[in-house]
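Same chain, two partners: chain A is paired with chain B first, then with chain C.
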Partner chain A sequence: MRRINAFSLTLKQQLAGAAIAAPALAIVTLLFVYPFLRSLQSSFRSQEGVWTLDNYSEALSIYGGDYLYTLWICGVSLVALIIITAIIGGLLRLGVYPLLEFIFKIPLFVPFVVVGHAMRVFLAPHGTLNSALSITGMFNPDILPSFAFSSLGLVAALVWKNLGIGLLLMLGAFRSVNESMLEAARGMGAGKMKLIWHFLVPMNKGSVGVMAVLTFTSMLGSFSIPAMIGNAGGSQMIMMDLYHQIVYQQNYGVANAIGVLTYIASLGAAIYYLKGVTKK
Partner chain B sequence: MGIYIEGLTKAYGKKRGITDINIHLPEGGLTAIVGPSGCGKTTLLRTLAGFHTADEGRILFGSRDVTRISPQGRKAAMVFQHYALWPHMTVADNVGYGLRLQKVPAKERERRVREVLERVEIDTSDIGARYPQHYSGGQQQRIALARALVVQPEVLLLDEPLSNLDAKVRQRLRIGIRSIQQSFGITAVYVTHDQEEALSMADYVILMNDGKVEQAGTPEEIYRKPSTYFTAQFLGESHTLTLKYQGKPQRLVLRSGDALVTPVVDEWGTNAETLERSIAHEEVIEEDGSWVMEGEIRHHLFMGSYYRYMVEIQGQSMFVDDDRLLKPGSCKVTIPTEKAYWFDI
Partner chain C sequence: MSKPLEVALLSAPMSERGPWFSTLRLTRRFAIYAISIFMIFGPLSSLLLWSVAEKWFWPNPFPTQWGFKYWQQAFEGKMLSSLGLSFGIAIVVSIICLVITVPLAYVIARNRIPLKHIVLLIFLLPQAFPQLPVFSNVMVLMYRWDLVGTLTGLILIHLVGALVFSLWTLVSVFQSIAEPLEEASYMLGGSRIYTFFHVVLPIALPGIIASTLLVFLYSLDEFTGSLLIGAPYHITMPVFMYNAAGGYEMQVASVTSVLLMIPGILLLFLLQKYMRSEYLAAFGRV
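Right, the complex of A and B next:
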């Protein structure tokens, strides 16, 4: 294969290369870099325009608990998502079930707000789940817990919403594993679960990591679902706090501090993702 | 234990895989399944392994019917063409995985892993730290063989294990695999498209064609007594000539090393009349336990220890090997009758 040295390109070729990259760079600059820099700057300024760390101390003192709660909810959801997508993706990889594969990818095309509403209906005090349980006669619907307004409901909604993209990434990676490697393991006595946890997942840990990062950051920034369901009366997801600061308090400094703190939470994940992508 | 295959059939939708295979593979021996691409040899092996479910028929490992048993339960281990070593596990973990599933204690597992790796001549000094990709192709295949043998399977299945290796390593590993199989005394089934590999390694050879067993027997039987035209022309470096014999055209299959070329010289006068008659009738004649025909040496190739001649016989070309350097021109081609195989067209 002929190697191309950037220094050996003519000026015309270099300009052509820059022109091809320009739209993408412009979008990243306009829609990400510029707003982020503005947000970063604003997070260090008071409403009077004075440089200060007050926004951060206020954000952490008021919303520190919510911040940790958000990380906890996202972490639990992520672990659940990895376990569920690994098992479903593994079983789909080891057999041919096109209909099931289609069904599991449906969440990919359902908007967050619809997921929130669906979960609200499904997990509400007298929602579909509790009604179904009460039909059995074993449960009194009045004493059944309301999952919709608990952390469990939040986790369930976040997992369900991210199931499609998680499965898409996981299954794609699993399908790249050579069949004979799995057959060698089957011949040694490995059943389906062992094939998944001893082979498919560790052999694709890079792809699983990328999936984890993408879904974790998506969960961290989710707003519609926490707005519709969630921990009634207790801690709430950090995006709800950000919304409150902007809409009700109109305190952009604190809102931006929350945004930067959220960004820091996803920064580690983003670095891991970029490392994974560039390695590939 | 011997393997008994009774009426085994496997199809892929409308595409035929194997049809009505009935064969017995001898206990403790190495059986080679050979045949051209798409003949069903790999389908047969994979059905024996349990990776394919038979549509009809039975497979018995000894007296145990394994037809409907999963690969995990068959006590058969397979060695794959592309090694199929797990890249995320060290060599020790790769080889010890089967024992781990059998819940063999760690110390015992380590001892058995080292023992089997030593038997396949892999240095065991740092197997706990090295990964399969740190080894050469030949070494990887030996590790794969160790992984298969360490679980003490009843049957060892090998799917073209040497086809990814270069010629020298292949030659060495042929002997290596054969001696390991013999020392373990395990019943082995070896799939290959390389007839030389099959003939040189196996105790028993099954030649397959179009999903069926064309012929089976010892390497000598199958090579020296081909019962069908396909067998005769598939094995060895064979040539088919369409010649007139006893008044009708027939196919003569012969092998390069079995024919003798004699240039037409003065001292050949005693045969001149016979040869003339042969040419006149465009027929091949039998003479002193050999088939004799007239040919023309067209080209020769120096092959190192011998010469390879392209000889034209009745407008058809064939190769004949001889260690003498002969001049181009008319010649007499002689083939011992027991080394030439006639088949009706």
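Right, the complex of A and C next:
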């Protein structure tokens, strides 16, 4: 088969390729790469234009707690997501559950803002979940806790939104596992849960890791979910602080320092992508 | 799942362990479905309930007074213009994406582009880093270029995410098409342009349609950029919903969320067979 690689391109082909790439490259470079670099630069500059680390010390002293809180929330959400998707993915891989896959694909198609609002309505002190619980008559409706506006509400919304993508990646990996291996384990008397946690998950460590990195970054960068759920005082997600600094304080130095801190936390995904590209 | 395994699963252990075991198995299966349905539909059904609740006094388990008052109100008020704006922008963004990224994704998939790795790297960044910190700097730039609060600005900010997303799905679409088919066309004297339009494009069409619809959904749901660049002059549906929920207009926000959900759910139902998992895998990351 005749392979055309980058080195054997004629000048005409190179020009054609460059012309095709130009519009998309221009938009993404001008409206993402350039502002991205500007945010790096601005984070090291004071409002008078002097190079300094003050923005970082200010960002860390005011928002250091929120930064850790954000990482904590994303970490907890990630663990919950991995447990849920591994169990569902395992059940789908090991048994016949029509409709289950379809049901769990739904979150992928529900917008982030809607998820935030839905969780708020569902988990609020007088929300639908508490109403439903009080119908059963087992709980006193007035002492039921409120989960919305709390860490649990955030975790629930972040996990819910990522169920679709998480399951998709998990199931893709599980389906590539050799059938005879599982049958051998089953022959030895392993139950479904044992098969999932002792075979399927460890055998797909790489894919589970990829899924973890991708969803962690998406959770970290999520702005609409914390914006919709809000908080009841106390710590809040770092993206809300960043928004506050820009819109109300208009302190871009500190805002960009916060931004760079979130870039650092997202580096896992960036490194994974880079590895993928260099492999190709 | 393979047939022999199913048979093995369903027949062998059950006959050995007696009828109580199959009851247990059924109960477990029922529990799995019940929990899953509750997890996914619980929050969504709350939205539906709230959207038709005219009055809802705590602790009544269901709305005290049902009705479509807020639906009517929503359709008479500003929401309608937000709905129109969101759909309009989503259509424009999808078309621009289609025109720009289909040829680009093809040349990338066939290695016919100089500096391919650098080009790909540029298109990776928006996927790998959070949007808000970058978009807030875009806002500063757009103030300088007089684009904040304009439709052009709004479309451009939607395009950043949409182009990247569209490119990634389309590259995987074109990579899945066997190259020998094109080689055959060249052998028979077809030009590159002819081959692209008569051989590649027809095969890629289902993938291109799926990708375009996902871009449409992305633009419809875009929140961060719309809030920073478009508001308060051009309010898209997600921003409208954010404002309504912020003002504790629960019903209006719920009506808006139900409307925002419909296109996605419709696509999910209609396009099951086109939605290959590799397209969706790119989608979830945005």
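Basically, the second predicted complex is superposed on the first by the 232 of 280 C-alpha atoms of A that agree within 3 Å, B and C clash if a C-alpha of one lies under 4 Å from a C-alpha of the other, contacts with A are read in each partner's own complex, and residues count from 1 in each chain.
By definition in this document, a contact is a pair of C-beta atoms (placed from the backbone, for glycine too) under 8 Å apart; a residue touches a chain by one contact, two chains touch by 3 or more.
Please read all numbers here as calculations on a predicted model, not as lab measurements.
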{"item": "Partner chain in contact with A:Ala227 - chain B first, chain C second, else both or neither", "value": "second"}
{"item": "Partner chain(s) touched by A:Glu183 [first = chain B, second = chain C, both, neither]", "value": "both"}
{"item": "Touching partner for A:Lys194 - first (chain B), second (chain C), both, neither", "value": "first"}
{"item": "A:Tyr252 touches, of chain B and chain C: first, second, both or neither?", "value": "second"}
{"item": "Partner chain in contact with A:Pro202 - chain B first, chain C second, else both or neither", "value": "first"}
{"item": "Winner by number of chain A residues touched, once chain B and chain C are compared", "value": "C"}
{"item": "Chain B and chain C contact sites that coincide on chain A, given as residue numbers", "value": "183"}
{"item": "Partner chain B, residues of chain A touching it in the complex", "value": "178, 180-181, 183-191, 194, 198-199, 202-203, 205"}
{"item": "Chain C-facing residues of chain A, complex", "value": "1-6, 9, 13-14, 16-18, 20-21, 23-25, 27-29, 31-36, 38-39, 42, 88, 91, 95-97, 99-100, 102-115, 117-122, 126-132, 134-135, 141-142, 160, 162-165, 168-169, 172, 179, 183, 214, 217-218, 220-221, 223-224, 227-228, 239, 242-243, 246, 252, 255-256, 258-260, 262-263, 266, 269-270, 273-274, 277-278, 280"}
{"item": "Residue ranges of chain B in contact with chain A within the complex", "value": "49, 51, 70-72, 76-78, 80-82, 84-88, 97-98, 101-102, 144, 147-148, 151"}
{"item": "Footprint of chain A on chain C - complex, ascending", "value": "1-2, 5-6, 8-9, 29, 32-33, 36-37, 39-40, 42-47, 49-50, 58-62, 100-101, 103-104, 107, 110-117, 119-141, 156-157, 159-160, 163-164, 167, 179-180, 183, 217, 220-221, 223-224, 238, 241-242, 245, 250, 253-254, 257, 260-261, 264-265, 267-268, 272, 277, 280-281, 283-286"}
